[in-house]
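Each of the two complexes below includes chain A, the first together with chain B, the second together with chain C.
After this line comes the complex of A and B, so read on.
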């Protein structure tokens, strides 16, 4: 039972990183990233390939995963930033699919659908509960690190300019802000955070395969971020842990429902998540922790 | 080699005709409601399953099954828009796009709940391929192609000659001006969503007739449909049709050189290239 709770908390922390990634690109910069699962996968694969096949230290693997995520983000957003925002939504959705296709088919590179097993873990597995607890501490440290970073960015002139870009591009560009540069920076930084989440995930489950990066994860994180509050780091983190609690509760409910097969139970959960997202978007789009508007400094 | 390319082009034209139907639906919805509806893939799946029930369980002929698919997908799409998405529109077009993606997941899983993940096939007579020199075509492919062309002609006639169709084009062109002329934008939006969703349902059925159906049928062609619409110019109806034929042919040619799984990648690459070189697409007006 303890192991189960720790496992869920680690997953929650990974989701909290993803939620912060989405908060940065969507909540702050207004850039919809429907390919979050793709960036998550890029990070997981980058670190898993380096550490498993090249025996690189985990720290090197994770750093490369962050860079790979950021680079992928830059490439994906590059083609659409000058266009209307719906183009980015379409391109990111496609990107996540492409990552999965490449991961499933380039067996020499990614192990194909079998994935990569035996990815090195951060804490030795034979330490029992300590394996989960230690990993949890590391992932929570990552969540806090990203949280502090986001808070600082938000309070900085960069964060203010970003929100100005989100609210009104014309006004922001009249004020001399380069819209494209701010958006590219925000999107790429967000993708790098998703890459970090992917790397940590791979080093926890010690297994990386295309099936782990279904588009479903993107929807999960959208639900987490809208429920928690999409423009505050604390909201995103809170939303991620609530999401895991919600998912586990629905899993439990689906299991005790009579006459429902495992496949049907999984389908019911996904229906609940989809409807949940639309309801939250409709009723409380600002989430539990709405954005605080900053007061103008006293002159 | 030449024969293989020729065969791929013929297949591409047929695939393109099937893609054109949901691409038309997607573009029409985008033109009038101004958001990318990510639920079109799931609507195609739902339409295909309804048609399958009509054809296999109830024993109706294929033409009747296609009509049933159109009507039910139209009702699903309209219910989705007015039951869930319309209220999200206050938060901007992107909110509707996200909501439509969530609803796509809901529809896909409702299908999975009732039908499972098994492949299903329509009740079709077995028939020998027709051979024209080096080219082989299945008779069902020809029938599907004719169905698709007939639907395109019907849509073209609807948009050109009926007053409702002309009002749709007016709203797509300039919603404010259309309102001044006394066109009710809500009614037009409803008709557009219903017709667009219905077309997706028919497209899903035709694709199911061509291959087989499973809950991911629509999700698999989603990128190709987007690529067709972006290539033609988002929101352009003739553009979507032209784009679909190009995408169909490029996909089939790609299969000659790369693993079949990369067929899906074609759509993505085309979208990227179009956005970098000519964001307004082949026939679109503006993309800014």
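After this line comes the complex of A and C, so read on.
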């Protein structure tokens, strides 16, 4: 029981990192990023390849993963400078699929669909419950670190300018803000956070494979951020933990439903996720923690 | 609805964290013995998993009716791995930590199995799988793993021999990218080139709705035979496009992809003449007839047969070891699967003999079920079939 809860909390923390990444690019900069799973994969692979095959220390692997995520974000951002909304969404979705398909097919580089097994873990596995608890502490620390960083950024003039870009590019540009620079910074930073999440995930489960980075993950995170509030770091974090709790709770609910076969239970769970989203959007369209309007500074 | 304050959230968080301090419930020595199935009920494996879960459940019911194991009933808990390693791992953790199962039966996709193996062996939970990818049994599993699916290398070799027997000189291997694509093609190539033929391979994206360009590319090499390595849905697309391209050579596919579903979905002349190869269920054996009876179908698929064998082996291993833990299953599974003793085909018969202190040797619905030290099966028979007039007809079992 304890291991299960710890495991889900670690997964929730990984999701919380991803949710914060999405909050930054989507909620604050207005860039719909359907490529989240792609950046997640880039981070996971970067760290797994370095630490498993090159025996680099995990800290180096994780740092490289953050950099790789950020660079990938910059690359995608600069190739989509003129795109917004639906068009950007399609291109980023394409990016995630490219990452997954390259990872499946470039066997010399990534090990193909076999994936990379035996990725080193952060806390020795044979320490039993400490393995989960230690990893949880590390991932929660990462969540808090990113949270504090985001709070600082949001409160700063940079955060205000970013929201101005989101609300109206033209007005922001007339006010002398460089749209491209703000978008690129936000997107790249968001991708770096997703890279961090990927690296931590790989170092927890010791296994990285293309199948883990299906678009479903992106959808889940969109669900989490929508439910929690897409323009507040606390909302994203809360949404992520709630999502994992909800996904797991449906498992037990489906089990106690009478006269339901395993297959029907699986389908019911998928239905429940959809209904959950509809309910949240109906009752709280801005999420559980909606964006607070910021007063302009006094002077 | 704006009454959710930070204080509330903090309070809930503290309450939740408090639950972690509760002592773990000790494993009960009475009550039912819990076993889990982890099969794909949704996702790309969704057409195979439901009947696998169903088979295990029904087979367990029969064991229970006959008195259970060591006087205890079996309880099967079925989870969905969604054909995804991420979701599969979460489901496995739930089975292990909440349900406290002693064994997990039926992981199907190789990627899911690879993700679940370390968790099982670390928690001392036995895992039986139907994944065929070569590296799985080479993972550090400390003996907690068996599989009844022949390795993909063996299947590749058999495909090569099958194609050669149909007088093919140039063989094209057309497949989506899967963990076994590479090893299969390597084994196929080895067999075909040894006989003076040559092979080519083409990897396609299994989510495409047409494969016309891929088909054109393959046909440029004028292959005598095409071996198809995909699953049902993408193989149907491939077969259709090959027909449209007027391909006249012979086609070979896996029995699990060129199945009744595919043949029924395509017009008879499109699927005419396709050769199929599959690990042969031991047709004619009582175990096979049992699976057929449990599922209410004439010819149950190989995966359902395999998980039926998994359950029987696990049940008898627990009876021999007089306990319900994964370690006991691990230590005793080979005592009931091989090494002489009275030949049995169901756990119900086997359990009676074991209770009388006799030795048993299980031969199952999927074959003789004898395992090497790393958990591979030692011997597998294959079933060779051909589609004729919209029906899959048996050529031979060898």
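Note that the second predicted complex is superposed on the first by the 267 of 299 C-alpha atoms of A that agree within 3 Å, B and C clash if a C-alpha of one lies under 4 Å from a C-alpha of the other, contacts with A are read in each partner's own complex, and residues count from 1 in each chain.
Assume a residue touches a chain if its C-beta (ideal position, glycine included) is under 8 Å from a C-beta of that chain, and two chains touch if they have at least 3 such contacts.
All values derive from a computational prediction rather than experimental measurement.
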**OP:** Tell me which partner A:205 touches in the superposition: chain B (first), chain C (second), both or neither.
**Re:** second
**OP:** Could you look at A:285 and tell me whether it touches chain B, chain C, both or neither (first, second, both, neither)?
**Re:** first
**OP:** In the overlay, answer first, second, both or neither for which of chain B and chain C A:3 touches.
**Re:** second
Original post:
Just chain B (first), just chain C (second), both, or neither: which does A:101 touch?
Top reply: both
Original post:
Who does A:125 touch here: chain B (first), chain C (second), both, or neither?
Top reply: second
**OP:** With the two complexes superposed on chain A, say which partner A:59 touches: chain B (first), chain C (second), both, or neither.
**Re:** neither
Original post:
Is A:216 in contact with chain B, with chain C, with both, or with neither (first, second, both, neither)?
Top reply: both
**OP:** Would you check which partner chain A:34 touches, where first means chain B only, second means chain C only, and both and neither mean what they say?
**Re:** first
Original post:
Which holds for A:80: it touches chain B only (first), chain C only (second), both, or neither?
Top reply: first
Original post:
So which positions on chain A get touched by both chain B and chain C?
Top reply: 101, 104-105, 216, 263, 267, 270
Original post:
Which chain A residues qualify as touching chain C in the complex?
Top reply: 1-8, 11, 101, 104-105, 107, 112-115, 117-118, 125-126, 205-207, 209-212, 214, 216-217, 234, 238, 247-248, 251, 255, 261-263, 265-267, 269-270, 283-284, 288-289
**OP:** Over in the complex, which chain B residues touch chain A? Could you list them?
**Re:** 35-36, 38, 84, 87-88, 91, 93-95, 97-99, 101-106, 108-110, 112-113, 116-117, 222-223, 226, 230, 234, 259, 261-262, 264-265, 267-268, 271-272, 275-276, 279, 287-288
Original post:
How about chain A: which of its residues touch chain B in the complex?
Top reply: 30, 32, 34, 79-80, 82-87, 89-91, 93-95, 97-98, 101-102, 104-105, 216, 219, 222, 263-264, 267-268, 270-271, 273-275, 277-278, 281-282, 285
Original post:
If you look only at chain C, which of its residues touch chain A in the complex?
Top reply: 1, 4, 6, 9, 19-20, 22, 24-25, 37, 41-42, 49-50, 53-54, 57, 77-80, 82-86, 89-91, 93-94, 96-98, 109-112, 114-115, 118, 122-123, 133, 135, 139-140, 177-179, 181-182, 203, 205
